[in-house]
Amino acid sequence: MTVTRPLPNYLIQRYHGWRATSFEENQTWYRRLADDGQRPRAMVISCCDSRVHVTSIFGADSGEFFIHRNIANLVPPYAPDGEQHGTSAAVEYAVRSLRVAHLIVMGHSRCGGVAGCHAMCSGQAPELEDATSFVGRWMDILRPGYERVTGLPADEQVHALEKMAVRVSLDNLMTFPFVASAVEAGELSLHGLWHDIRDGELMMLAEDDRFVPL
Amino acid sequence: MTVTRPLPNYLIQRYHGWRATSFEENQTWYRRLADDGQRPRAMVISCCDSRVHVTSIFGADSGEFFIHRNIANLVPPYAPDGEQHGTSAAVEYAVRSLRVAHLIVMGHSRCGGVAGCHAMCSGQAPELEDATSFVGRWMDILRPGYERVTGLPADEQVHALEKMAVRVSLDNLMTFPFVASAVEAGELSLHGLWHDIRDGELMMLAEDDRFVPL
Amino acid sequence: MTVTRPLPNYLIQRYHGWRATSFEENQTWYRRLADDGQRPRAMVISCCDSRVHVTSIFGADSGEFFIHRNIANLVPPYAPDGEQHGTSAAVEYAVRSLRVAHLIVMGHSRCGGVAGCHAMCSGQAPELEDATSFVGRWMDILRPGYERVTGLPADEQVHALEKMAVRVSLDNLMTFPFVASAVEAGELSLHGLWHDIRDGELMMLAEDDRFVPL
Amino acid sequence: MTVTRPLPNYLIQRYHGWRATSFEENQTWYRRLADDGQRPRAMVISCCDSRVHVTSIFGADSGEFFIHRNIANLVPPYAPDGEQHGTSAAVEYAVRSLRVAHLIVMGHSRCGGVAGCHAMCSGQAPELEDATSFVGRWMDILRPGYERVTGLPADEQVHALEKMAVRVSLDNLMTFPFVASAVEAGELSLHGLWHDIRDGELMMLAEDDRFVPL
């Protein structure tokens, strides 16, 4: 006996529609991917947010992107302490087993996680400081980013922190020895993106550490 | 200065194409979602695998699904120990802040993470036992599932373990007090799915704890 | 000593620009593709015409499409006679060695080869009938298509013949045993497209044998 | 009724994106090209390989290159025997009808066709010797090239044969009377290139019959 419930009917209907159309159109390729294994060219780390689907933005086919999604697209620093690190496991699998060529971190505007982090760090959300707050502890990863935006006017800080989340994740990625060595060997490229969900704009982290429109 | 590199041009072109078409056609809805905030009806926990995109299968519109993707669609047991738990943070945010009505865990066939877990538990992948293996430690979550498939013929175990990953995650979800109370209050439904990536079939975990075709 | 000449300087300059930008951005992926081999999902058969580049239309990345281009995107019937059949060799390699999932034949408007075929078949281009005319003999492949458009008003025949070239090629593809068996086994999908180079429209051959706008 | 299938949706989406951006931006030029006909300055003969797109390397605009792609970028010797010669037809059309100024043959590294030819000629691929092997019979064109590399150390032969494929094709091109006369009249230049797909290098066949970096 389980606690699960039947899937809502509208989802079942959509699934049947998908299988009769999109799956049908692609079935030879799906079969090939199933038999021979995936070989994605890129890993994408983006937010769980329901308004940001990277497969749409890049017209990605099945098999192209290995996608990890968590709150605020964060990567923690390298910590081989024997504990469970889901994000680090995803990065390890993508870089070492799948040997992806690109690793893209994509942040976005109006991110609830980033807003929560800013509220927490600026003393406006004490409940997030609690040891039992999973969101709070997860957003601790972004605390170093908060330090780097405190000099800005108050009304610009949250926005800046969204972009800082991308930089912090990229910095943390480079603390993983297998990421750093793959980057140095020219086998892996890192990319930082930030997406404005309201006007659709996509910005790229450039070599001078600024985000520029694509 | 950063280590990031420019985005490959074909992705930039596809983005511009997306913005001129899909985004343009939906911009009033995107704007509304940006201004009013997301209000997804469901959270989906699925695998990072590049062959499994739940947005396609369910024809999900922007704003519908809050999606967490990790290796092998696992949820660890409730552990409010002050450490960083990315998956638990995503669940907490979805259930407590967004108050989603559905929480769907979706497994799939030919999952590299599950295969690795089976190899590790059956003594064929000692490197995954190492404390520094992020994938190995992450797959520890599924060890209780392995115990439940050892009675099966050897060639059925991996396949059974893929489905067990869904059951283990659902069981673990119920150890989160806020999940259990929302389920009991009738405010949250849990759902278990398993997807065959080769033939496109979707199976649902039924009340008798078996997976049945939709 | 050879008869070759140095490459024009503007092409050398463009190559250097490409290598410093596009190649540089994609080099990790190019390296991976070089080391592990190509695994294209589709073969495309299109015309040599300088106005039809399928990689642009589909924003194709390196490694996605295996492309054969010949005059008028024609495929001859299966003829295992020990002679040199370049198109048949390309199809054989794509289907049997690379095991592509999709085989796309794309025709286009204002095709010089098709116009020549129409002129030849309607008696207006006797020089193409000559045994030494490579273009004429190549366009013989499309003669069965000409028979199927002669009932149309004169000013619609060339246009109809462009689309017939796609149908004839698809019919001929099915005479290759390894194509037919892969299609029947669900391992290969055939697709017919026709592109209007003037207004950019792309049409698809539908199940009722008519071309419909995408 | 046809055997064709609907085009996968991600390709349809990308096409719509292309039409709304690249096509839209260039439509006056596309219209001009459609109305006045193509007038490419060069014909390029390159391989079907999905990793070699000459339009990218040379940033080619629509209308610039008339492109023939076959297995291993081969040109057979002149043989006006009334049979179907697709490559010869493409050359004839480019030189006699379009009167291109340049004819470029571009080989590349890790060519599957060349590797197959080497295996066949060295007795390691008897299946390619079969009269019904289209790839084998097509690669017969390169047999004279194999004879010229047998004196090299075994591990250098395949690589040398890739470059020999360019030389053989250029030699064969000069057996076409209309090519030879256009070259002699100064109306057509032949060029030989070889591209390393792993490191992006492009080499040019120089007057002393050696390939030199550009």
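Brief remarks follow.
For clarity, chains are labelled A, B, C and D in written order, and residue numbers in each chain start from 1.
One rule holds in what follows: a contact is a pair of C-beta atoms (placed from the backbone, for glycine too) under 8 Å apart; a residue touches a chain by one contact, two chains touch by 3 or more.
Predicted model only: the values in this text are computed from it and were never measured.
Path length between subunit B and subunit D in the chain contact graph, taken as the least number of steps between touching chains: 1. Subunit B and subunit C touch with mostly distinct residues; of the residue numbers seen at this interface, under half occur in both copies.
Inter-chain centre distance (subunit A to subunit C, centres taken as mean C-alpha positions): 39 Å.
Between subunit A and subunit B, the centres computed from C-alpha atoms are 14 Å apart.
For subunit C, residues touching at least two other chains, in rising order: 22, 25-27, 29, 31, 59-61, 63, 102, 189.
Arrangement of the chains shown, judged by which pairs touch: all-to-all, with no pair of chains left without contact.
Considering their complex, residues 5-10, 13-14, 17 of subunit D touch subunit A. Taken in their complex, subunit C has these residues touching subunit D: 1-8, 11-12, 14-19, 22-23, 27, 30-31, 33-35, 37-38, 40, 43, 48-51, 53, 55-60, 62-71, 74, 76, 80-94, 97, 102, 104, 109-110, 112-113, 131-135, 137-141, 167, 170, 174, 183, 189-193, 197-198, 200-202, 204-209, 214. On the subunit D side of its complex with subunit B, the touching residues are 13-14, 16-18, 20-22, 24. Taken together, the subunit C residues at the contact with subunit B in this complex read 21-22, 24-26, 29, 59-61.
Looking at the complex, you find that subunit C touches subunit A at residues 25-29, 31-32, 36, 39, 41, 59, 61, 63, 99, 101-102, 186-189.
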